[in-house]
Amino acid sequence: MTEHSETPALRLEGIVKTFPGVRALDGVDLEVRAGEVHALLGENGAGKSTLMKVLAGMHQPNEGRIILEGREVRMANPMDAKAQGVVLIHQELSLCDGLSVAENVYLGELPHTKWGFVDWSTLHARTDEILKKLNCNFDARTRVSDLSIARQQMVEIARALTVDAKVVVFDEPTASLTDAEKVVLFDVIKDLRARGVGIVYISHRMDEIFSLSDRLSVLRDGSYRGTKVTAETDEDEVTRMMIGRSLTHEKNTDTVEPGAVALEVRGLSCGKLFRDVSFEVRRGEVVGFYGLVGAGRTEIAETLFGLRTPTAGTILLDGEEVRISGPLDAISRGISLVPESRKEQGLVLGMSCRDNMTLPQIGDLTTGPFVSNGAEIAIYDQYRDRLDIRSPSWRQAVGNLSGGNQQKIVIGKWLAMKPQVLIVDEPTRGIDVGAKGEIHKLIRTLASQGYAVIVISSEMPEVLHVSDRVIAMYSGEVIRSFGVGEVTEDSLVQAISGIRPDRAA
Amino acid sequence: MTTTLKALVAGTTAMAATCALALAAQAQEYKIGITQNNVGVDSYQTTYEQAFIAAAEANENVEAVVLDAGGDVARQIAQIQDLIQQQVDAIIIWPTNGQAVVPAVRQAKNAGIPVIVTNSNIAEEGFDFIASFSGPNNIQQGASSAELMCEALDGEGNIVQISGQPGYTTAIERQQGFEDRLAEACPGVTIMETQPGDWNREKSQRVMEAFLVKYDNIDGVYAGDDNMGVGALNAAKAAGREGIAFIGATNFSVGYEAMERGEYYGSIYQSPVDDAEAALQTAIDILDGKDVPFLNYFETPKITQDNMGEFTKPVF
Amino acid sequence: MATLKQNAALRWLTENPIWGFVVLIFVFFSLSNEFFFDMNNFQNILVQTSTIGLIALGMTLVMINGNIDLSVGAVVALAASLMVDIQSWDAFSGWGNWQMLPALIAALGVGTALGALNGIIVWKTGVDAFIVTLGAMLGVRGLVFVYTKEQSFFAMNFTFSDLGMSTVGPVPSLAVLFLIATVLVHILLSRTVHGRNTYAVGGNREAAVNAGIRVGPHMVVNFMIVGFMAALAGVTLSSQMGAATPNLGRDYELWVITAVVLGGTKLTGGAGSIIGTFGGVLAIGILRNGMNLMQVPAFYVLVILGSILIAVLILDKQLTRKGVEALKT
Amino acid sequence: MASARLKGIGSLLARQGILIAFALFLLGFAAFSDSFSDADNLMQVVRQSAIIGVIAIGVTVVVISGNLDLSVGSMLSFATVMVVDLHDKIGPVPAIAVMLVAVLVLGCINGFLVGVLKLNSLIVTLGMLSAIQGLTLIYSGGQNVDIADQEATWFSLIGRGSFLGIALPIWIFGTLAIFMHVVMSTTAFGRRVYAVGGNPTASVFSGIRRTHVVFAAYMISALCVGIAALILGSRVGGSQNNVGQGYELQVLAGVILGGTSLLGGSGTILKTVIGVLILGFIQNGLLLLGFAYYVQWLVTWVVIILAVWLDIAAKRGRLLSPIA
């Protein structure tokens, strides 16, 4: 490690941030030196995002100090933070579709002449310069809505380069990038580091953290657990710091004898979304789908659930060819889908816990013309206990629950349908470690009870942990199917990057 | 879906038909354009339009361009401009507002097109730009209604007034004529309150219901037309209040029937057919170069239970 | 290169389908009515649509912001009443034709102020603009009646209505005013920082907030612009009539919104353009004018206009459809 | 502890603000106008509100499903003209049947365009507002329609009769309100409407046929308009072609006052009833106090914004919006 100036680029001291009823940050310290990549780790809900929002001026801390290059500062708002040299690159895209790349990059600070006219030549020249630095093969005038998600991510990153940044925070920047794009991004990060910028790098991907970062800090439950020099630690130690115990991301070793084929898919295609997909799922078996965002996994699930019309191929349930006309049809045939986005697709946030949970079967829970209150509450109680859902009452609006409890409501909703084929898309996104383990256990239990389960996940340990077989997808195609014995992390990573086994060999 | 589709088809057919009609009619002598206030809002205006079209068709020297402003002043001005654009020989206008159309009328005059105002006069400032007015005298009508009221109450009593749509000339003139004449002829009759009924029977019924609750001493009701008058009558009947004299204007068939039943005191007889025919005739006379009086009022006599036998029942 | 240009043209048309429709009805009426294709008639169309058009320009900004203003019709009436009434006040009787100036200032000022009031309520209370301006639509109409006491006003001074009927060279002043306003608002929206921020605020409000755009004041400015435009429309309309009536501008909000939506502005905000709005305004103007010239019965005009609005909406949906791959939600 | 209770009361105040405003208005009017608190007058306001109220019940269902219906005003004109016109031609029962079928067809069109084609409901029903207005005029040829002998037909009773001393329109309004309230709060259909309005995507992912739900909501709205047309046509014994003009706004004002969010997914029928009654009492009370009729518009302006503001403020826990 090279020595830089004595004063760190950024120091956070004793940051406390409380929300009504929650102490999100409890005296967090963090020190980022100029010219280092400092990884920030922690499970979801550990407070990383809150900390970064405090840093970027989106939240004001209740206590504690932010010291930038030795000077105590206050970040009144995001603009203020940016002006002082602290830039946050959001995990979720925050671009405006209708505007050009340049306008998005300089959003809120468009260069202008004294009459308020946008100075287009300056704007485009500056933006093109930044895009060139990022090796982007699109120009400043391109409309953002015409770009792919990955390219939009690059636009997001380009924003950081508009100011003379002292500290740049990357929040899960690689979530939707291809490997080639990742390489470019890492070059950019290294370039920033060489120019003496302090970088905070938030990611769940250990490989990235270990290859990129100089030091790392860990948060757990809103409090600071310590900082390590990356080269002097290992994954195991970091994991223990994050979750307070060792977690063995073992492969699934249960050997349940799979039963008959419950679901078979032959040559299924849907336009450009996915092509010629074939696989089968047996009763008592968990099949994991692994791949990058946009690889077509979710779209397959949606097709099986009747939400998309396949352009080719057949679906067989229990050996019988079926045409699934819509979700209602899918449900009546015993297919359940726990969707990818719980807030947008899974829940009606303004409705009570119970009402959400019984929604798909509300038509069957009637006595006479009326919905039977008792039957509904019975179902809610059963799955609340089974999934350990923490909610003050069934009357509580789902929007007021924590992410993990919300996800459990969605899972409960579909378990209550007693499906033959259960599809879970990103089942543990945004869920704390404890609940994660429970849900994994639950998935295994369901399989052992004879359900056919499909798990779609972007987390390799999860896929490896719960699946009997893993299907790797790349760009709408199935690249390879692994049995539980033959899968390795390396081969899986290769597969989802589009490298077929024959060529890899 | 099908309804809209049908209507659309019907609309297009109508469009094509009128188009053909317009082309075929080129050879005729006088092309007279009319822009009406708001056809369809009540039967008077609709009957007027039908009578006008019938009269124009009966006269083979006339080709009529019939437009409707839908009650919107701005649209009426646009229609006058469109008529000027089509170089019609004369324009008949039923003003949506007596004042607001003056500049457009002036524009027509400047384009050399004589303008005839029908039914409801324009403001005095515009008199220089029109060739003639043809229609009822609404101020006189209001005054006549006041006289009827006087007669009905023997010069003593408390009444309420339900006026037409606020801001519309006919409503304003009738109200003005009524109030002025009443004060003059019958100082013993007091108008306790005036509320607008918007030419709408249901609205008038509601207004009357409120009056009935508020005042238990109503002796008479003056309504800006019979449509509203019958609404007020309905309200009084429903409330079981008797001995109220109802007086309206523009005798509608419902008013005529109520009079037959003895429930309605009187009204002003005004025939839309006479109105339309007078307007067209005035226009033709002007185009023929005949001498036409500037204010061409047609007769609007009082009609009461006593003399109603002299009048045929209105068709609207 | 040629195909690239062709693609650009095609793309432009798919983004502004209304112009295809404008051309279509233009050709239709030109062929089917002898009076339609005429310079004077085109000027008429411009003057007739200028009222709706001016308001639509402002409404476009507000709607790109993701808001809406239903009170514009009432503001038209209030501004017109002020314009006509104040110029005849005794206090200004010695001013000659300059007596119109205080009236103009008052009319435009009140329109802008009511816009600001709407905007501030939307900003500070967080109540949806639809509800705020629905209330204002009733309330401002109430103000008009309180102010006018149900009376119409008439401008004694004919100079005022002459102004409305005047021409610049061969072109009517009001048409010129409308065209200039269109160009100005187009420039405002497409070239200034405020204009570009309008898209940002409507398209992704959170991103705009994070980028330091002060969303509240920004929205207030746009409400003030639409208020100003509605007042200006009230002034021009009253100058055509030399008068003002309390019922003026009824239903205008509906036609303005129709024009803006026909022009491709999304009710959810973030997309839209003045070029599209201008097309939408022209479409309504040409339809009305053409149907007048062809003497389509008024009853059918209502059905046709309503159907066309829905038809364009369906067309727009078809153009942006994703095809067979779409998620069936 | 005390402060928590205080806060609880504050939030209760804010949440039930509409009821409190209602009570204040009633008390205010009663204090200043002798005839206001008269039982006959109160009853009359309810009766006069029945037409708007019946329509508002249907519109509330549409709004809860996340859409708007601005076409109810011209649909009311259409239905009233039709039922009155046909009454003398084919008799009351067939007339009512034909009219109900006709409005349901119009409801179908709305439902198809918004539910199936997923077009924006504001614009669709705006277009329908204009189109139906034209259809009404085409149907009647622009003439008023009347029932010739109103004394002789039982049809007149719908709007004018009474039962147990209470006017029939009130019975219809009350029964329909309670019925729809029960439907919306206790049946599977009701639950689905709330779900679709609350989150259309999640509803589809839960196997709800959103298309059907939205379609049904528009059918209910149309049916309510049909029922309102019966009251209106019977009460007046005739109809003009523009009789329903502007009703859409009054109805919407009532629904909004009742606290139903235009975003969908919340609101109840009974609150809409209260909203409509408040409007009715404001109108009546101000008239009785001798204010010009247009003063009620000013009051409505203030009341609507205050009511919705309080509602929102209670939900977010602070008075002013956090937007910078």
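Note that the chains take the letters A, B, C and D in the order they are written out, and that residue 1 is the start of every chain.
By our rule, a residue touches a chain if its C-beta (ideal position, glycine included) is under 8 Å from a C-beta of that chain, and two chains touch if they have at least 3 such contacts.
Since this is a predicted model, take the numbers as computed values, not measurements.
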Chain located farthest away, centre of chain C as origin (C-alpha): A
Whole-Å gap separating chain A and chain D, where each centre is the average of the chain's CA atoms: 45
Whole-Å gap between the CA centroids of chain A and chain B: 71
Between chain D and chain B, distance of the C-alpha-averaged centres to the nearest whole Å: 33
Whole-Å separation of chain centres (CA-atom averages), chain C against chain D: 30
Chain B, residues touching no fewer than two other chains: 4, 7, 10, 39-40, 196
Of all residues in chain A, the ones touching two or more other chains: 77, 307, 326
Multi-chain contact residues (two or more partners), chain D: 131, 134-135, 137-138, 142, 201, 204-205, 324
Pairs of chains found to touch, sorted by chain label: A-C, A-D, B-C, B-D, C-D
Chain C partner contacts - residues on chain A that touch it in the complex: 58, 77-80, 82, 90, 94-99, 103, 107-110, 112, 115-118, 120, 270-273, 302, 306-309, 311, 326
Residue numbers on chain D that touch chain C, as the complex places them: 113, 117-120, 122-124, 126-135, 137-138, 142, 200-201, 204-205, 210, 249, 252-253, 256, 262-263, 292, 294-298, 300-302, 304-305, 308-309, 312-313, 316, 320-324
Of all residues in chain B, those that touch chain D in their complex: 1-4, 7, 10, 39-43, 45-47, 49, 193, 195-196, 199-202, 205-206, 209-210, 213-214, 227, 230-231, 234, 238, 252-254, 257, 316
Chain D residues within the chain B interface of the complex: 35, 38, 40-41, 44, 48, 105-106, 108-109, 112, 131, 134-135, 137-138, 140-144, 146, 148, 160, 232, 235-243, 284, 287-288, 290, 293
Interface residues, chain D side, partner chain A - complex: 186-188, 191-192, 194-195, 198-199, 201-209, 265-266, 324
